[in-house]
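We call the chains A, B, C and D, going by the order they appear; numbering starts again at 1 in every chain.
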Amino acid sequence: MSFEIPFGPQHPALEESINFMFEIEEERVVSVKPRLGYVHRGIEKIAESRNYQQLVYLSERICGICSFAHALCYSQAVEQLLGLEVPERARFIRTIVAEMERIQNHYLWLGLTAKEMGFETLFMYAWRDRETIIRMLDMISGKRVHYGMSTIGGVRRDITEPMIKRIEKSLDHLEVRAEYYTKVCTKDPLILRRTVGVGILRPREARALCAVGPTARASGIARDVRADEPYAAYGEVPFRVVTYRGCDVASRTYVRIDEIKESIKIIRYALKNLPEGPIRIKVPTRVPEGEVISRVEAPRGENLHFLKSNGTDKPERWKIRAPTLANLLSLCKMLIGVNLADVPVVIAGIDPCIACAERIAIVDVNMRKLKVWNGEDLWRYANEWYQKRYGR
Amino acid sequence: MEVRQRVVSEEIWTLIQFLFFPGLFFLLFLAFFTEWLDRKIVAKFQNRYGPLHVGPKGILQPIADFIKLLSKEDITPSMADKVPFALVPVLLLAFTITPLFYIPIIGSDALVSFEGDLFIIMFLMSLISLLVFIGGWASTNRFGTVGSIRAGLQMFAYEIPMNLAIIGPAVSARSLSLSKIVEWQLCRFWNLFTQPIGFVILIICLMAHLQIVPFDIPEAESEIVGGWIVEFSGKKLALIRLAKDFEFVLASSLIVSLYLGGPYGPWYISPIVYLAKFFLCVFILSNLRAAFARYRIDHLLVGAWKYLTPLALLQICLVKILGV
Amino acid sequence: MRRSEIRRQLRIRARNIIVQNDRRFFVNIEKKDLKRVIRRLMRMKNYTHLSTITALDTGYNMEVIYHVAFTDALVSVKVQVSKEDPILPSIVEIIPGAALYEREVHDLFGIVFEGNPDLSPLLLPDDWPEDIYPLRKFWSVDKIFSKLGGRR
Amino acid sequence: MAMENELFRNLKQKPVTLQFPYEREEPVEGVRAKVSWNIDKCVGCLLCVRVCPGNAIEILGRGRKAEIKYNIGRCLFCGECVDVCPTKAIYTTKEFELVFNSQREMIIHFKRKKRSGSD
């Protein structure tokens, strides 16, 4: 017996709206059809009517979790167009914030994956510990989610001496916790049962399907923009590209936990060698004509921004490729043959961020059928509906 | 007992016992309290507060939830099989309350007790699993269907080891009455010490029966959106949740009576003893609930048939051979 | 990676290769050479993956850019497509990972990739009108709204 | 079962949850929240309008007579206007719990006091 099961657009295992149509045969997935398009915002179209300074904040809002990676990618693109050299200290601060964001994202991912496995306790613990790093980001930038740190020509806030002390203290705590989660994820028999050998993506397939980020690294492909094409201060900071060869969800877990540890080391190094100097330079509002491509390793994988300017203060075309879109095909590949019970875990495995993947297209797609309703309209509609139903 | 019999007649006294203590009302409040306790303990394990605001420390939260659900709109899907869909919650509640009257709470005598009531309990517990299956199937939701299939499979997995683990104490006590088993334990060791394997198996199987975390496979919120429960709403959901609370009480009480010696002492002490053991069981179940991730259905089936069933059989053989 | 290397491997004229810096190369090619060039790029040393496909409206024409990533560089292959005849050969059979990018470009610019097995809408709704391509310069936000009959 | 120790350790600890309406965490130093105008210092240079990514600031009048309409509903709380203001007329408050019943309430109008005699 085979029947189709819709997975999404609303589903407890999905943080965002995406639809997978599964064909199930005795709880085994036979075919997958993804359907995007539920969270359009038309960012690329909006971008054509905003100036470069405003777009920093728009780029930040492409994604709620890897907001700094997008802002950084965009800022770098504009800096390339302007031919600017960012101050040394700003580059280090960018590295620090980017790595803190990575830690934050990976803890979030760990919690979510645990939740998909039905492991509520680990979910609570991971998110509790994530709070530590969010507080540090809050302290540096003044905000918890959209940090507003990166800007064209540097960063907006400095890291002071007392901040460094507090960050180092929190890093110690986070390192202990990361060790602990390594222990849990490698020892707990139930987690192992749910992750090992689940959602296989062989290196060949990962290469052919252009997987990026931790998804590719868990298949043994050392593909990391930070190492391939050092930006910010990554050229000066020693670090290791974490790869595992398991090709399954377990490896993706280990890659991410090890990346947390690696990020902690990077931050420590960067804090110790933080150069003195200005953090921001003045930039002109008009940007010369040209085309640039900027790449950043976001927590989820490679982020690519293509920016074409036409000499005014507004860009001609701004193309964003977020990591999730690159990993989506690999995800569909992983899902085939997987047990229905493992589907959420596998989907969580690539750390999907749907809003990132489909920032394009045009404002409100339902505009044609639905008007924007205020509370009163809704109330009236509900009443009419009930009267029709109960004949009152 | 003498004094009381003079004040009211025997029939009225029985009625009071059935209705208030240790009957319906007591069980109802015990069920709500158990839910609260379970939620609170799990929250504590997870470093949160749990229910907090309704009543002192949130103790009235389950009752508030129940009343809230009762007042909500009851939706029946147009494609659903209406009669079974409406009957399942009611029957579920009835079948979970009935076995509770066979549980000894005051002294070693239950309200209703006869030779063979253990079979009735086992039978009703099987019926509960079947009802879950029917409920999911009748809702004709795709997730509900998957959930009910899983519920059926899960029943095949845990039913046999569970029944074997329930039979173990009966074999050693040479009686099929729960009260007799409790009485038999009074003058000896608890069955926990003589049949530890059975105890562990019973706890595991009861968790599967209750569908709590490592075995919440038929509900699996993150996989199939609540599974068999998904289409139930309003009053039906309220009844199902109440039935689940009663199931929790039944499970803990079964462990207490079969393996932990049940209540003992004079009539005013024994309920306290019973409750103390009962809460210990709730604590164990809640702790296990917090410490695990969810099994996959095939893992559960393999585990149950490969390990639990042979071990349960071994336990019964040991009981027979050693004569304890 | 150097200009000479790309020139030798791809067998194209040097003036078609624009070197922005030592990590960014833009290669202008003809439509008919697309598959051959992509195939050759894939065989080059240090090839990692196809990063994405960008399309942009240059007025009369449209430009499709294939960003091919190497460990030490990013080669962007540019192809011109006219608006009257927006057809390009698909590269899905060479790089399966390009499927979604091609669908995305098809959605937003109306460029047809011949050989792509599935060009159904990826991002736009199923009942989106055939002739509206949101990211072409002709379709401003207001125009799309008036066409769809909604209000701003 | 790898987490059993951790579970029992947490049993003794106080929960980490903040019971929000009753317990509040002080916002950190330099939090980016609602901004406010010291309208007397404003010279109407339009810089804040230019940098505002959400077009939340509207300016009425010119120069020294300029008045500000600040739409909190569109504000991203980026603080860019605070940084850019040449006369430091804009400052960040620590109000971050912003709830309104209607869209009209979200627009704050900073008016200048009428100076007697000068007009």
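Everything below uses one rule, namely that a residue touches a chain if its C-beta (ideal position, glycine included) is under 8 Å from a C-beta of that chain, and two chains touch if they have at least 3 such contacts.
As the structure is a prediction and not an experimental result, all values here were calculated from the model.
With steps allowed only between chains in touch, the distance from chain C over to chain D comes to 2. By C-beta contact pairs, the most connected chain pair is A-C.
Distance from the centre of chain B peaks at C, each centre being the average of the chain's Cα atoms. Computed centre separation for the pair chain A/chain C is 24 angstrom, with centres defined by C-alpha atoms.
Centroids built from CA atoms put chain C at 62 Å from chain B. Distance from the chain A centre to the chain B centre is 43 Å, each centre being the mean of its Cα atoms.
Centroids built from CA atoms put chain D at 53 Å from chain B. Annotation for chain D: residues touching 2 or more other chains are 1, 3, 7, 16.
Shown for chain B are the residues that touch two or more other chains, namely 45-48, 290-292. Residue positions 121-122, 125, 128, 188 of chain A are each in touch with at least two other chains. Interchain contacts give a graph that is no line, ring or star and is not complete, per the touch definition above.
Here, these are the chain pairs in contact: A-B, A-C, A-D, B-D. Interface residues of chain D facing chain B in the complex, by the touch rule stated above, are 1, 3-4, 7, 10-11, 13, 15-17, 19. On chain C, the positions that touch chain A within their shared complex are 20, 23-24, 26, 48-52, 54, 56-57, 65, 67, 69, 71-72, 74, 76, 95-101, 104, 107-108, 121-125, 128, 134-135, 141, 144-145, 148-151. Residues of chain A that touch chain B in their complex: 3-6, 11-13, 24, 27, 114-122, 124-125, 128, 188, 190-191, 193-194, 339-344. The part of chain D that touches chain A in the complex is made up of residues 1-3, 6-7, 16, 28-32, 50-54, 76-80, 83. Remark: chain A residues 35-37, 40, 42, 44-45, 49, 207-212, 223, 228-229, 291-293, 295, 302, 304, 306, 308, 316-317, 319, 321, 325-326, 328-330, 358, 360-368, 371 touch chain C in the complex.
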